[in-house]
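Consider the two complexes below, in which chain A is the common component and chain B and chain C are the respective partners.
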Partner chain A sequence: MATIIIDCKTYEVPLGKNVLETCLNLGFDVPYFCWHPGLGSVGACRQCAVKVFKDADDKKGRLVMSCMEPVVHNQHLAVHDADTIDFRKQVIEWLMTNHPHDCAVCDEGGSCHLQDMTVMTGHHERRFTFNKRTYKNQDLGPFLNHEMNRCIQCYRCVRFYKDYAGGKDLDAYASKNNVYFGRAEDGVLENEFSGNLAEICPTGVFTDKTLKEHYTRKWDLTMSPSICQHCSVGCNTIAGERYGALRMIHNRFHEKINGYFLCDRGRFGYEFVNAENRIKQPSINGDVVERTELETRLEKIMKSAKVIGIGSPRASLQSNFALKTLVGEDNFYHGVSDHEHDLAELAVRILKDGPVRTPSTKEIEKSDAIFVLGEDLTNTAPIVALAVRQAVRQDLSGEPEKIHIQGWQDAARKNLQQQRKMPLYSATIHETKLDDICTSANYATPEDIARLGFAVAHCVDHNSPAPEHFPEALQVRARSIANGLLAAKNPTIISGAGCASSAVMKAAANVAIALHKNGIVVGLTYTMLECNSMGLTMIGGHRLSAAFNAVINGHADTLILLENDLFRHGSFAEVGDFLARCKNVIVLDHTKSDSTDRASVVIPAGTFAESDGIIVNNEGRAQRFFQVYESTESIQESWRWIINIGKTLQHPKLQTWQNFEDISKAMASEEPMLQNIDEVNPAVDFRIVGQRIPREPHRFSGRTSMHAHIQVSEQKPPTDDDSPLSYTMEGTRIQPPSAMIPFYWSPGWNSVQSVAKYQHEVGGSLKDGDSGIRLLEANAASSLVYFQGIPEAFVPLEHHLWIVPTYHIFGSEEMSAKSASIQKRIPTPYLLISAVDANIYHLKEQDIIKVSIANISYSFPIKINRNIPVGMAALPYGLCDAPINALPEWGIVETSPLTELHDYVRKTKVQH
Partner chain B sequence: MQLTNRSKLVVKKEMNFWERMYLPAILGGVMITIRHLFRRKSTVKYPEKTREISSIWRGQHVLKRDDKGAERCTACGLCAVACPAEAITMTAAERKKGEENLYREEKYASTYEINMLRCIFCGLCEEACPKEAIFLTDRIVTTDYSRTGFVYGKDKLVEKVDDRIDVTKRQTLAVQEFKQQKQLSHNK
Partner chain C sequence: MSETKTIQFSEETMATVQRLIKRYPEGRQKSALLPLLHIAQAEFDGWLSPAVMDYVAVILSIKPIEVYEVASFYTMYNLNPVGKCLIEVCQTGPCWSRGSDDIVEHFEKKLGIKVGETTSDGQFTLKTVECLGSCGTAPMLQCGGDFYENLTNDKVDTLIEKLRANGQRSTYMKDNRVM
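So, the complex of A and B:
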């Protein structure tokens, strides 16, 4: 701690921070631009000036950039002194000379850091009367809009994009008054985190293009705290609505998960909520019906039928649990392929019974060595990939401390660090976006990845089984990885369901357990395929094939399918046959799919935006998402529909449930793995000084007119029986608990930077701590022993390809792939094969290859890859109709080369 | 309980014969009516006759076009935020290539509605507008047979290209001067 004096008042503050952060923490409004808590300081904008005095007698002092000035003991500072105020006013006047006067037109207006800072410094009159610099803007693809005239040259964008996110195609060009931030030429911004520029840029240069399509000012949105539904990481988001349509997704700060950032899939995948193919009315055999008719019909069906229920890894715990209760434990099945089911169960078992803790994303960011097995993180768990990049960027050599460079001194650290980085070892089926920072990147089939993992584990601890006939060259590599991990203090091992191999996941577990036995604090992360894969596994249920058998054997004749397109989880023929055999297929879903097409009864379920629910991320953290708006159609949450059905049937348990809290309580008491799930967020009757938490900012406009075309008299806003949030602008202005912050705002701070006011200290955790409850903790008295069963080394087969799944951030996840902007980034389907195999079959890039998988013939254009092992092929998940869920599987190559293009039949899911 | 000193105890007493006839009471009422027939009228025979109004009267809004005929409003939403009756709502849209003659700015209001039943004609929307787009005029909001008719959309609010509405007259010198100043610093 240090004692410092600001404006003649004494404060006790921690050392190791810069003056800007310290002042902000103390509540001083010091304006700044180039500094960002996630990026550190470079002193580029000169906006944050304060005065430092030599000692108490020094009356003159000197101006310094507060973001570049470390806090020292007995420091005398002035924030509000005439010279500094004047200086800051001058700086912003310079910055504004070239800034257009177009807040009214600008999308950033009303949530703009530049606006806030201009008002804060008191610059209100333009004296500059000459022509302004103007630029040509670029078309940056479907996600971001570019308006370079608004730039103030703070360099945040390139620092985030290049340094933080590892992007290659955004840069600063030209000099002096003409610096340009953009790409070398028009074109799509390639980095998977490009959307963050909309929040990082303090002005309106980069703005959300999807929001522009249905533009709404921040103050006019009805917002709710939500959880991203597009991968298993569970990033926290703010979702905003107006006029009954979801308008945007923003970052919601969670210190342990996503910090200040989101990936582009999470930010732009929301458009499926507004899509044309939403199910809005209940229908029976394709005809839209009234609710009462639906209810009588359902009652009739349910009373006489033998019903089974199939749950979903993309539906909330509440919905899955309600279905399980309705159909009974014995009749509840997981709506995922058996393969996926087993992988998820394995992950939960290892993390629950094993001695190794699964770290949060934040902890991964801080680990000093990382070993990735089989997972293409950028495409399966993007924010984890971003965290891995930060871990590698750390400089833990001790050099900076020696010459007193602190963590936030970004430029100095980078200069000192040069190429030095933390070790990252990866073994994947082909190259990944993280390869540029890898110490060693290995490419192998899942079997060989597993073997390498087992070999590493064996090197770390000889009690762990070693693979047989392991080549010496690989042994050397395994040893070097093992040494790297052993040298670390808190390494992290990352694997997951991505390469569809339990052996890979077991190998990862062995490495982690071996390190643990060496007394090293190791973390083990498994990424899953869907947002609630972990939660579904924790609820328990039978495998999907058992459901098929139940119907085939006549034990059941009616199916309730919950938010699931079964065709994604089984082969077309098998699932089609299963659905045809069921006498009644009742589907609850929000979006049309092949499964809803075959349903006799379709019930309109809410998406995350129209629902309340809890999902469990891959860290085992249960998190609540809140309804953003009540749908005006018959749409409601799946669990509410199921409660309704239960009521008509006078189901003993469902009858007694009224709202979200009742289900959560029941779940907590009945599900052994979800014991404190009802504590994920405060109770429904939680109030702050007797008031609810408003979903709308106090500036929300137009409420006596926005519905006037439907009903002139102002209607009572809907009341929320499931949460302490209200659908209005009335309510408390006190900071709500972390899980329930619907938006960030503070007087004078309208932009996203206002999150600082919600944190303990700028960049640190929220005042109320981290939201969510961790359900998986390491078991100190673990009895988990090393996994055996090491697979044989992969041997290519003549005329065969060993086909494994690969993933795309855009396209592989079901719901985001229905979003219009994401669709523009989905690649056309292909089969990735090695150059050697391409030669064998006389194929060139884009030629068609014919492969038969499980006796069905498929044709794909090929992509040739240098690194993928010979005899193996990778097929992108979710892009084509091939039975991805059955992979890995041998494909018999039927190709006679140079097949005609129109000959190749596939059902493209995306219209290009 | 006695709450104030002004309260009077009301007693229900039996009416006598005259009172039960009601005639004196009715005649009393008729007398009042007759007396009023000869008094000066306090209402105006609208619409044949209109009342004199002040030069800065705040009546029905207009959404102005610029001198080239393009709509000035850029759907910034400031009028809606300023409105104390929350009576304004709009949706923004991007101007496409070739629409430059229709909309002055890159963004425009694809719908713009004022609920005239809620509006209190305070003029704050006019004051808030950074684009000189919305003004209150000396026109009177006409009556209607249905409530929905009072939700004014762009069809009623935007001035016709060939029938411009002059709003300069009704602004005081001070306002005009102020606006002149603002123009100096605009969009240079």
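So, the complex of A and C:
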């Protein structure tokens, strides 16, 4: 701790921070632009000037940039001194000379850091009478709008995009008054985290293009704390609505998960909520029906039928649990392919019964060595990939400390660090976006990835089984990876369901357990395929194949399908046959799918935006998402529909449930793995000084007139029976608990930077701590032993390709793939094969290959890759009409090979 | 400008380029970017077209955008075609107080162009620059690697004649001083 004196008042503050952070923590409003808690300081904008005095007698002092000045003991500072105030005002005036006066038509207006800072410094009159500099803007693709005239040259965009996120196609050009931030030419910003530029940019240079489609000022949005539903990481988001349409997703700070950033799938995937193919009314055999008719019909069906229920990994715990209760435990089936379920169950078992803790994303960022097995993180769990990049960027050499460079001194640290980075080992089926920072990148089939993993584990601890006939060259590699991991203090092993191989996940577990036995504090992360894969596994349920058999054998004739397109989890023929055999197929879903097309009864379920729910992320953290708005259509949460059905049937349990709280309490008492789940929920009657937490900012406009076309007199706003939030601007202005922050705002801070006012210290944890509870903790008394069953080495088969799934951030996830902006980024279907195989079959890039998988012929245009193993092919998940759930599987190649070349390649391969 | 000219360093230049690249450790070839751009500019008509910058990127195994970023930052790299002689008149304080404005005006009259323009015969481009570090001999200008100092209108006339008669392209590469 240090004693510092600011404006003649004494404060006790921690050492190791810069003066700007320290002042902000103490509540001083020091304006700034280029500094960002996630990016550190470079001193580019000159806005945060304060005065430093030599000692108590120094009356003159000198101006310094507070973001570049370390805190020292007995430091005398002035924030509100005439010179500093004047200087900061001048800086804003310089910055504003070229900034257009277009706030009224700028998307950033009302949530603009530049606006806030201009007001804060007091500059209000334009003295600059010359022409403003103007630029040509670029088309940056479907996500971001570019308006360079507004730029104030703070360099935050390139620092985030290039340094933090590893982007390669955004740069700064020219100098002085002509600095330009953009791509080399018009075109899509390629990095998967580009959307963050809309929040990183302190003004309106980069703005959300999807919001522009249905623009609303921040203060006119109804907002709720939500959880991203587009992968298993569970990033915290703010979802905003107006006029019954979801308008935007913003980042919601969670220290342990997403920090300040979201991936583009999470930020722009929301448009599926407003899509044309939403189900808005109940229908029976394709005809829209009234609610009463639906209820009568459901009652009739349910009373006479043998009903089974199929749950979903993308539905909330509440909805899955309600269905399980309605149909009974014996008749509840989890809704994923058996293979996918086995992988999720394996992950839960290892993390619950094993001795190794699963780390949060934040902890991954601090790892000093990382080993990724089989997972293309950028495409399956993007925020984890971003965390891995930060881990690798760390400089733990001790060099910066030796010459007194502190962590926040970004430019100096980078200069000193040069190429030095933390070790990242990866073994994947093909190149990934993290390869540019890898110490060693290995490309292999899932079997060989698993064998490498087992070999590494064996090198770490000889009690762990070793693969047989393991080539010496690979053994050397395994040893070097093992040595790298053994040299680390807190390494992390990352794997997941991505390459659909339990052997790979077991190998990862063995590596982690072996390191743990060596006394190393190791973390083990598994990424899953869907947002609630973990939660669904914890609720349990019978296998999907058993559901098919139940209907085939006549044990059941009616199916209730919960928020699930079964065709993504089983082969087209099998699922089609199953649905056709059911006498009644009742589907609860929010979006049309092949499954809803075959349903006799379709019930309009709410998306995350129209629902309350809890989902469990890959860390085993249960998190609550809050309904954003009440739909004007017949849409409601699946669990509420199920409670209604239960009531008409006088179901003993369901008829006692009234709201979200009741169902959560029941779940906590009945589900052994979800015992603490109701702690995630704030009590419905939670109030702050007797008031609810408003979803709308106090400046919300149009309330009395926005529904005038329906009824001139203002209607009563809906009441929220499931949470302590209100649907209006009425309520407390006191900061709510972390899990219930619907938006960030503080007097004078209208932009996203206001999150600082909700944190203990800027960039640190929220005042109320982190939200969500972890359901999976390592078991110190674990009896989990090393996994055996090492697969045989992969051997290519003539005329065959071993087809494994691969993933795309845009396209592989079901819901975001229905978002209009995301759709523009989805690649065309393809089969990825090696250059050797392309030669064998005499194919060029984009030629069509014919492959038969499980006796059905498919044609794919090929993409050729140098690094993918020979004899293996990768098929993108969710992009093609192919039985992706059946992978990995041998495909018989029906395109005829060139015999001579074929023989030649095989021979050289054997010699090699 | 001869757009059809293939973009390829001569063998001799390529040897120099390789020597420069070898100065830096493996994987850090980008460090040789500044001298390479000067060489490229001298070799390809005194300016860096996107095609030339892409060529340099290929030599250094970096992305073209990394070359654009650097090339656009420095004023000594021309991103648009220039005349054979690039006249850079200093207009910073000392030269200005010694009449650099008049010198510029005289050039404009004499060449029939404004600052930033090129004569129709492609011979001269007129540019104003900031301090070139020769304040003791103000007003002054730079043409390629040469300084012309204590300028007067008469001296300017003589200089124009001399440069026109010379017919050589001006280059900063004189005596390899940028390397």
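Here is the rule we use: the second predicted complex is superposed on the first by the 895 of 912 C-alpha atoms of A that agree within 3 Å, B and C clash if a C-alpha of one lies under 4 Å from a C-alpha of the other, contacts with A are read in each partner's own complex, and residues count from 1 in each chain.
One rule holds in what follows: contacts are C-beta pairs under 8 Å (C-beta built on N, C-alpha and C of every residue); 3 or more make two chains touch, one makes a residue touch a chain.
The structure presented is a predicted model; accordingly, all values stated were derived computationally and were not measured.
Look at chain A after the overlay: chain B and chain C fit there side by side.
Of the two partner chains placed by the overlay, neither chain B nor chain C lies in contact with A:116. Judged by the touch definition given at the top, the superposed model places A:169 against chain C, while chain B stays out of reach. By the document's definition of touching, neither partner reaches A:271: not chain B, not chain C. In the superposition on chain A, A:184 contacts chain C only, with no contact to chain B.
Of the two partner chains placed by superposition, A:208 touches none, neither chain B nor chain C.
More residues of chain A are touched by B (comparison of chain B with chain C). Of the two partner chains, chain B is the only one that A:712 touches; chain C does not reach it. Chain centres taken from Cα atoms put the angle at chain A, between chain B and chain C, at 90 degrees to the nearest 10.
When the two structures are aligned on the shared chain, A:419 is found in touch with chain C, with no touch to chain B.
The overlay of the two complexes leaves chain B and chain C separated by a minimum Cα distance of 25 Å. Those residues of chain B that touch chain A in the complex are listed here as 74-78, 80-81, 83, 85-94, 105-107, 113-115, 117-118, 130-131, 147-148, 150-151, 185-188. Within the complex formed with chain C, the chain A residues making contact are 168-169, 171-175, 180, 183-184, 419.
Residue ranges on chain C touching chain A, taken from their complex, read 27-28, 63-66, 68-69, 72-75.
Only residues 100-105, 109-110, 125-126, 128-132, 212-217, 219-220, 243, 699, 701-706, 708-709, 712-713 of chain A touch chain B when the two sit together in their complex.
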